[in-house]
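Take a look at the structures below.
Okay, so subunit A shows up in both of these, paired with subunit B first and subunit C after.
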Partner chain A sequence: MNESAPREVLHSSPKQEICGDDVVLMKSPDRTLEEILNLAAVHFKVPREKLGPDDDFFKTLGIDSLQTLDLLTKLENHFHIELPDYELQGVSDFRTLANRIRARL
Partner chain B sequence: MNEFQGQALSWAVKDGTVELALHREPCNELGSIALEEADRFVDSLAKLGREAHALIIFSSLRAGFSAGADLRELYHLLQTSERDAFLKGVRARVERAHRVINAIDAAPLTTIAAVHGVVFGGGFELALGCDLIIADKTARFCFPELRLGLIPGWGGIPRLKRDLGNAIIRDLLLTGRSLGAAKVQQAGLISQVVAEGEALRAARATAVQLRKFDPYTAAMAKRFIKPIPYEELQREIDIFCELFSRPAVEAGLRQFVDRVDAQPYLS
Partner chain C sequence: MAVVDKLPMLDLDQYSSLGAALRDALDRWPNETCLIESDRGREKTRLTYSDFKEMALPLARALADADFHAGDRAAIIMSNQSKWLISAYAVFHGGGVVVPLDCKLTAAEHFELLAHSRAKVLVTEYHLWRALRETAEYQNHELGTVLVTEAPLGADLAGALRWEEFRQNGDPVFIPRQREDTACIVYSSGTGGCPKGCVLTHGNYLEQCKSLTAWYPFWPGVRYLSILPTNHAIDFMVGFIGPFVCGACVVHLRTLRPELVRDAFVKFRITHVSLVPLVLKNLERGLRAKFAELSPLRSALLKRMIALNKLLTRRRPHVKVSRRLLPQVHRAFGGELSTLITGGAFVEPSTLQFFYDLGIPVTNGYGLTEAGTALTLNDLKPFRADTVGKPLPGVELRILNPDAEGIGEVAARSKTIMARYLDAPELTAETIVDGWLLTGDLGRLDGSGHLQLFGRKKNMIVTEGGKNIYPEDIETVFDGLPVKEYCIFASNYLWPRMSLGEELLVLVLRLVENQEFTRALEDEIVARNRRLPDFKRVRGYVLWSRDFPRTASLKIKRTLLAEEIQRSLDRAAVKEL
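What follows is the complex of A and B.
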């Protein structure tokens, strides 16, 4: 499944959202995606330029089920989120993955 | 025997600590060989306890601590055995796993599970038998049994009930999702979360600290604070075996064994 990117303007800098007394820095879609691509490239030792937003990460990274869980853990730790496994069911491209993560930021 | 080198696990006493290493590729699937060797280990525990004050259980494999029961072996047995004999074999296997984990749970030593990566099913249940869990940041904990039409069968539910609140247990069991080390520590199950690759080092440092205390006092403290829920453990065996006789389990095992995609744990 490849969800298209939101049509809203891609912010070049983080947008601020006020939640009660807290100021939460919201990451723009492209920044979240970029961080995922960088993290995947470093962790799985794949040249960054070989990874594109719409690539199938199972194929591009050459990962199996256990390595997918490893990637999930890396993403949770990096973004300080909790991402249930079942939310990744059917997700195979980096862009959709970024959208799932952004929904938890 | 204070040293053993097996096909699935090995142990040795080092500096007053028993170190039990799991090392069966690909991810310490716990099948008949592992259980047989684990049985030998717990038979040696009384003797080992005279030479050591602590036990560390860890995996020497990169993939993780343990992916749990060897489902491929179970499926093969299911396909090649007469049904009644197979179900009797399942009960014998579960009872053996309980005997092993109960012995570790009740050991007079202070026990530490040093875990990383995959800590699933029976592997999670083995860790739950230990007094302390030290996890590195890569650790993921999961009870995937409902996918197979089962409940965890090696003492998972009674020990989780002993250690945690009911809500997070329901989450783990009913969704079958995996939880990262940070979340599990937040729930109160993990004593330390350390950097990637540091769990064994941290466990050894903890074992050095444990050595400072009188072993008899430590054993008494453990018996007082950590009762073993034998009655619930027995009920779990019965429920597990009853569920195993249903066709849903064969279908679940077949689906798991037949899957060739990269997502068996994400469904």
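What follows is the complex of A and C.
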């Protein structure tokens, strides 16, 4: 089963162009962050508008450290990168997570 | 499962050190697989005991050539992987002392513990080494020999050496150690100026291994899934020493991702595993979600099979019968899981019962780093979800100053109790009195010899991930907070309850006269709190209107303050952060 969020959901911002996986490498910081927020909203079934870039995702999503690791796999599949578990160490907000991901794009 | 045509485990009474026992183990089962390492489902490493020896001895020789002598200390900061165990054996081979540190601590905390332990050698992974070098503390510490694993080609290691290249030919000299010599210094908590380095001897570990394997033996053919960090007392014993002295195999995953952990059970046909409650609950959540998706007919059938399994396993587990009754469930765990040990923190009885009802022999126990690994364990004769089991062979338990219901502080005496806290004679004297370890935990021994736990006497929490958090260790993050004074307590210390679980840290704030608790202050507290790893964070605060009682040297009298707070406020006063 493909558990990735539908792309139309991930690219729901009106300011963004629809893009395919093949142009993922060209994402801007804002786009990376936006896609992470959308993905988290879909994966954890939380309204997107409740998630902010600097939110503590443990608190906002009400999740534990293992559940955040679940999100890592979704992010790997979406961005076509490998993210070792340690990339989440010390990270608790979406913006920092986006920076870690961009460093690997 | 029958043990056939295989050499039995080592007779640990014959050994005086971990190094000697491990050395014989490597020769006893040369062709058995001892380690499998997987990364994201891809098998990266598979070593026989003979391979392990071939990798460890040149490292031991290189350490000896680098002036590492008997009694010298080597810290290991790594995730669970083969090089952790190989490094530890090389250190023991040369008579050294292993200092296992939690790789999830911050770099600043690592430096603090490296300094406290006076480690002469550090073995770490490249990304951790990079993190250590990026801190301000890096400039102020002499680190000695640093060995870094998996560094990319051309990476600047700033004086560190590549673990993979740090080897010398020629047989290293094996340095014998005695049972009373130090094997490991393990930090049960530890930063913020009060490191508790438990000095554990070779005798402590050999006795612990002997008692654990008396109840839960390993043998060649056992495949143990190592998920808990190896620096943790449980995994060091049950995911390293125990399997090795029995010729068993350890599987490392390098990840805790739930779906990869689930896959590993199947891929490696895991027979034994130890889990902290956090992981166990995650597995439970996954299974319950699957059960909820079943059609009404299949759901009804599952319930009937579970009921039948409960009936058939009420006196003791019958794992083969359970596998036949609930094949899908057991296949999800690889079909060969025979023992699931859980510990390190409080486990909800309902979670234990859930797994046992499915026919998975789950056993919980109780221990402290100060006591080696475990003091008690459930022997499943019969299964009990409401206790932490019976004292292991060689362990004596006493309940000090029991109340009318028989509940008091648990004290333990055993050959597995640590020698002392490193460089803390007063703390040692407070903790080990006349040979009895005062655990600080409140419990009762029932009529059948099982220990039931009811809470803690000490100001600390244990997270579901098995981490001990002492308030004093995290208070420094709030240094300079614009309030008159503050202090952190475990909520269950302030307001004792007759149960474990739901353990939270609470920040007690005394504001300056006429100061308001503003949004700006709350934001600052939240921001500082977020500098801490999530499992160490304060979850709530209370406002306190009187000055804190202090000693002549201005230290907060925590016990007195806690009593005052308990008399004046209740849990409802805690506001969420």
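Just so we're on the same page, the second predicted complex is superposed on the first by the 80 of 105 C-alpha atoms of A that agree within 3 Å, B and C clash if a C-alpha of one lies under 4 Å from a C-alpha of the other, contacts with A are read in each partner's own complex, and residues count from 1 in each chain.
By our rule, a residue touches a chain if its C-beta (ideal position, glycine included) is under 8 Å from a C-beta of that chain, and two chains touch if they have at least 3 such contacts.
Note that the structure is predicted; figures quoted are calculated from it, not measured.
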| item | value |
| --- | --- |
| Clash or fit, subunit B versus subunit C on superposed subunit A | clash |
| First (subunit B), second (subunit C), both or neither touched by A:Ser65 | both |
| Touched partner set for A:Val46, first subunit B, second subunit C, both or neither | neither |
| Touching partner for A:Asn77 - first (subunit B), second (subunit C), both, neither | first |
| Touching partner for A:Tyr86 - first (subunit B), second (subunit C), both, neither | both |
| Partner chain(s) touched by A:Asp56 [first = subunit B, second = subunit C, both, neither] | second |
| Subunit C region in steric overlap with subunit B, selected from 61-69, 259-267, 547-555 or 565-573 | 259-267 |
| Common interface residues of subunit A - those touching subunit B in one complex and subunit C in the other | 58, 64-66, 69-70, 72-73, 82, 84-86, 89 |
| Complex contacts: residues of subunit A adjacent to subunit C | 56, 58, 64-67, 69-70, 72-73, 82, 84-86, 89-90, 92-93 |
| Touching residues on subunit C, where the partner in the complex is subunit A | 40, 79, 103-104, 106, 127-128, 254-260, 278-279, 282, 464-465, 526, 530, 533-535 |
| Subunit B-touching residues of subunit A, taken from the complex the two chains share | 58, 63-66, 68-70, 72-74, 76-77, 82, 84-86, 88-89 |
| Of subunit B, residues touching subunit A in the complex | 26-27, 63-64, 67, 117-118, 137-140, 142, 175, 177-183, 261-267 |
